[in-house]
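Before I ask anything, let me first share the structure, which is written out below as structure tokens.
Naming follows writing order (A, B, C and D), and every chain is counted from residue 1.
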Amino acid sequence: MTSVAAAADHAHHGETHELSFVRKYVFSTDHKVIGIQFLLMSLVFLFVGGLLAMLIRWQLGFPNEPIPGGAALPETMAPGGILLPEFYNSLVTMHGTFMIFFAIMPLLVGVFGNYLIPLKIGAPDMAFPRLNMWSFWVAVPAGILMLSGFFVEGGHAAAGWTSYAPLSAVSEYTGVSAGQKIWLLSIAILGLSSILGATNYITTVVQLRAPGMTWFRLPLSIWALFITAILVLLAIPILSGAAIMLFFDQTLGTHFFDPAGGGQPLLWQHLFWYFGHPEVYILILPAMGMVSDIIANGSRKPVFGYHSMVFAIIAIAFLGWIVWGHHMFQSGMNPRLGTGFMISTLLIAVPSAIKTFNWMGTMWLGSLRFHVPMLHAISFVAMFVIGGLSGMFMASTPVDIYIHDTYFIVAHIHYVLFGGSLFAIFGAVTYWYPKMFGRLMNPFWGKVHWLLTFVFFNCTFFPMHTLGVYGHMRRIYDPTQYEFLQPLMGINRFITISAFLLFASQIIFVVNFVMGWFRGARAGENPWEDNGLEWTVPSPPPHGNFATVPTVHHGPYEYSAPGVVEDYLPQNRPLPDGAGRDAR
Amino acid sequence: MRRTWMAMGLVLTIACGGGEGAGGESAGGGETPDAGAQASVAPLGPGTISGVVMFERTPPANPAIDMSEEPSCAARYSGQATDPVVMVSGGRLANVFVRVTGGLPAGPYPAPARKPTIDQAGCLYHPRVVGVVAGQSLEIVNSDSLLHNIKAVPTANRGFNVSQPRAGMMREHTFTEPEVMVPVECSVHGWMKAYVGVVAHPYFATSAEDGTFTIGGLPPGTYQLEAWHESLGTKTGEVTIGADGAGTVAFTYGTM
Amino acid sequence: MQWILPPSASSYAGDIDFLYYLILVITGVAFVVVEVGLLWFAIRYRARPGRRATYTHGNMRAEVVWTAIPAVTVVVLGIMSGGVWNNIKGRDSVPADALPYRVTARQFEWHVTHPGPDGVLDTPDDFTLRNQLHVPVGRPVVVHLGSEDVIHSFFVPAFRIKQDAVPGMHIRVWFEATDVGAYELACAELCGLGHYRMGAMVTVHETREFEEWTVGQAALRSDAAQGVTP
Amino acid sequence: MTHAAAMRAPAGREMGAGVYNEKLGIWVFLGSEVMFFTALIGSYIILRFANPGAFAHPGKVLNIPITAINTFLLICSSVTMVKAFAAANMGDMGKMKLYLVATTLIGASFVGVQVYEYLHLIHAGFLPSGIREGSELAELAVAGELGLGSADPAVAGVYGSSFYTMTGFHGFHVTCGVVCMAYVTIKAFRGKYTQADHRGIEVVGLYWHFVDLVWIILFTIVYLV
């Protein structure tokens, strides 16, 4: 028996000998190092995505003026600083692509999936450490390949991040030939990286939970990351398959989506959104999980209705597979399908409502500490609710006739992805930063960044509802071409200015993040006084995480348990007998 | 531990952020278009082919253009704007692209530095038919204060689909492979058509308003010619340049 | 106020606007409940020395309440929306007496074939206009929507109508203009670099004036005379 | 220590699913592969229902006899795979090595036959973009021999596209399977597998059976229907 035990924990013993810098930091198989590598990569791409957004907003706010510093851009993009329409279309495409595939998804699934899962379930590392390293080092070339698309002849892909065929399938229609192929290849490679990662996460959560860590003692962040890994595992291959078909349409002259050769343009939309909707739940579920952890910690109180939260996550993930048609109500799909997808879409509002009210229930009767992660978490709930409610307008098919492909949809996207996922990411990075680097981020500048981001976020994206209500279409280069959009240009200018201020206020986060490495206050093992297993090991945890395999005695949210002096109780410390109801 | 993260973060930022500026063509000033491309190439000989393109019967009516939804272009035309497909005046046919197809010494011909220009004015291309030597760059200028996009879908050359949203914008493009008549069109205005003849050598010309054309810089000898028109088809002909360095040829369309 | 819809000019716009305002009220109430609740909890239950958080794992009755209320609301919304959807987009919702038009979208312009005085498509008196759609007031019109190259979207904000034009598919979409005037038609689906400039005008005429105009246009430029195949 | 003990989750982790990590890992990965082929086969089915005329009648373009033999070959390789695993269980290393080699060779020959069939089809004019003009198949199409909806060979574009994409990617997966099988066989010859611990064989075996199952589905819906 011992040989097997030793073999199983080889990660723990095998790595004690000193590794070269390359093996330790670059090609490391330690889930914590890989988590931090994903963090740095995704923050860079988040910055790139934000930069592209600034160019877009400039063009929409001041359509006929050259962009300041625009002379740096080559002639094919912005002659004399004036952005060209085809470059604007590739900006819109690449802003969506970078933010969704290379910023939010890696930040949520790559960073916190890697860093938190082994630590929070009491495992020494992932089930397959080498495979874990490969999933990062497959994602980096995908990112660099996507970046290289800007410098090829014909410009980068310009058919939207959804790259609907035939616009994306026939290079003659957009003048983009190499760019679209690069986009497809990069997405396929990134898909491979995500599938490898998901396989790793699922096996780790199922197999390597510490003794006593039953399924209903898992923290909600791990539940969310586990369910998200299943969504990634089953959704990304669909996109890879579809991307390959579109790539063949481009290169081998196949006719999957080309009506002249018998193909179906709607086939691409079905395939893309069959992947697309689970994808948007991949982008929000981990954020929901981590926000639940942070709000419970901030309120010093167990999560309200832990089981309903778990079933809500599962319900959202399951329903996510049968609603994809609501992206295609007006696409020429059979209208009866529209009614069917409307019903399944409306059903998704129920678990989201459950989660929202449970978060509020957690804060109810709590003893709230407003540390920076808590501020971000509460903002997540506040903003996600607006995103969820604006989703109701689109779920009703007749109203969707009017607001589909208008800025109402863009407002919904950004309230859910920026107001939701990104606020959760800011909170989570600030929350687990001390565990990753051993020092705290400066709380004062954290609050300044939160306030500015909160204010400018709302100034930027709330008026987009108004643009949508007045029929302002999406992805248009110069709204002044339409009479009925002329009066909205004032709002567009206001949004542009707010967007620039929003982008500027992110510098505070970057500086705080980097300076924290040197000047941050030293964080002990448990700066937030949290119950998670990761807070029972030194910061940053050594290789192999736990000196001895921890045993878990109770759920993760035993805050303010009666009979316990402190108002928190780490999971590996048994409940004093007779204390607390939830002792199973 | 911390310094390494900082170093790695820096490296990643430089790798991804850098390398922004990419080479793009320089925005050369628009030159006045002159007739023959031969002028700026060392002539092979003193001879000149001068010819004329006749048109027999009465020409068919050119299709009308519905410019009602493009007021700034419609204003330039007094009556009903028409698409100048068959331009005939005084029995002479314009916009016929004539090039030498035989009798020339082989050998690579350098692409002249001069850049012919296609101007987009009044939602039409001027000139409608133009010739360039393979490798010679062509200037496309937008004189209308509205969006034109230039889409070329050649077979031998690489296509392009670029836009010029504002007046005064100039774009250069170079065709590398000889291809007689690369169709150029504007997707915003479906009726706008232009044709670019990419030829390996500089011995070609387009018939002017009065149907006449001249191809100079040729030594005495016999040459085969080909005349091309966008809707009336192609015709071949032969011309001999005598000792006096002059040769005349005539093509006739509209005979059927 | 930024939530009021712009004026409408088509028969079923009223139904869509009513549903929009109903959802606006419902979501408005939910928005106020949640945001004020969050703010109130944040202030009321902030950490104060000597007070400890109440140890509770939630209660089932509250969960049932905020599951049932949203569930009932969405079911009601679903039923109401379903009816209106069928009237507008249902495959058999096109009124029999609708005046047929053929609108073919291509990269960056709309070719609109008008039925001509006889009110029937594919007859010699049809005529095609670029970026112009002329319809009579008070009479249903059905547009046979098609596309020559990529996906475009036929969007007339004033009529609250939007329908993607998909190449290789023949889609019928109908509307009935209720007010005379000129309304803008826009393309709402990214279709390339000229997507932003694919606007056109929909002009609604009085019935008599429409007939005169149609006869005049037919004489002036009927497709048959110019050999333009629609 | 019995094989079961070796194959159970590592000690001290009784929370697991009762199987060793690699086995659960391969099952999870096969889940994603199922979805990948769902995308391809699902599109094939949709396109086929959308325009049946674009698809030739069975056997007219694709050669059924050869692929029937090929299918039989792949099923045999699954049988030898099971025998190899059983031999490993019994501790009979000699027979295990023999069957592993057999599985690898049969797998490789399957890929070979498929490549041969591709070359033959392309020569006959059946391309991913449809039927090549002026090819032997084009004349048959014009003569209405192939059962295509219309005489215009361009219509068969979707047939070529979906055929080559599906069977091509299946072939790619079989090739990866053969490479892994070769790697496992080499490890077997190096004596890395014992009766107690031969997890590698079971994992590759699972992948192999999956690829075989996908081929059976493909063979039926592409060749026989």
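Rule of thumb we're sticking to: a contact is a pair of C-beta atoms (placed from the backbone, for glycine too) under 8 Å apart; a residue touches a chain by one contact, two chains touch by 3 or more.
Predicted model only: the values in this text are computed from it and were never measured.
*Asks:* Which of the chain pairs holds the record for C-beta pairs in contact?
*Replies:* Here the largest contact count links A-C.
*Asks:* For subunit A and subunit C, what's the span in angstrom between their mean Cα positions?
*Replies:* Here the centre of subunit C sits 32 Å away from the centre of subunit A.
*Asks:* Counting in whole Å, what is the centre-to-centre distance of subunit B and subunit D, each centre being its mean C-alpha position?
*Replies:* About 54 Å, centre to centre.
*Asks:* How many angstrom lie between the CA centroids of subunit A and subunit D, rounded to a whole number?
*Replies:* It comes to 35 Å between the two C-alpha centres.
*Asks:* Return the residues of subunit A touching two or more other chains; collapse runs of consecutive numbers into ranges.
*Replies:* Within subunit A, the residues that touch at least two other chains are 84-86, 173-175, 260, 263-264, 477-478.
*Asks:* Residues of subunit C that contact two or more other chains, please.
*Replies:* 107, 192-194, 197
*Asks:* How would one label the connectivity among the chains shown: line, ring, star, complete, or other?
*Replies:* Shape = other; not a path, cycle, star or full graph.
*Asks:* Could you please write down every pair of chains that are in touch?
*Replies:* The set of touching chain pairs is A-B, A-C, A-D, B-C.
*Asks:* In the complex of these two chains, what residues of subunit C are touching subunit B?
*Replies:* 106-109, 111, 128-132, 192-194, 197, 200-201, 221, 226-228
*Asks:* Per the contact definition, I'd like the list of subunit B residues that touch subunit A in the complex.
*Replies:* 1-6, 8-9, 12-13, 15-17, 19-27, 147, 149, 151, 153, 158-163, 165-166, 169, 171
*Asks:* Using the touch definition from the top, list the residues of subunit A that touch subunit C in their complex.
*Replies:* Listed in rising order, the residues of subunit A that touch subunit C are 84-86, 89, 92, 158-160, 164, 166-167, 170, 173-175, 259-260, 263-266, 299-306, 308, 330-332, 334-336, 338-339, 342-343, 346-347, 349-350, 353-354, 356-358, 360-361, 363-370, 378, 381-382, 385-386, 389-390, 392-393, 395-399, 401-402, 404-406, 463, 465-466, 469-471, 473-479, 481-484, 559-562, 567, 580-582.
*Asks:* Note which residues of subunit A are touching subunit B in the complex, please.
*Replies:* So the residues of subunit A touching subunit B come out as 21, 25-26, 36-37, 40-41, 43-45, 47-48, 64, 72-77, 79-80, 82, 84-86, 143-144, 147, 150-151, 153-154, 171-175, 437-439, 477-478, 514, 517-518, 540.
*Asks:* Give every residue of subunit C touching subunit A within the complex, in rising order.
*Replies:* Contact set of subunit C toward subunit A: 2-6, 15-16, 19-20, 23-24, 26-27, 30-31, 34-35, 37-38, 41-42, 45-48, 51-59, 62-63, 66-67, 69-71, 74-75, 77-78, 80-82, 84-86, 88-91, 107, 149-151, 153, 155, 157-158, 160-169, 171, 184, 186-197, 199.
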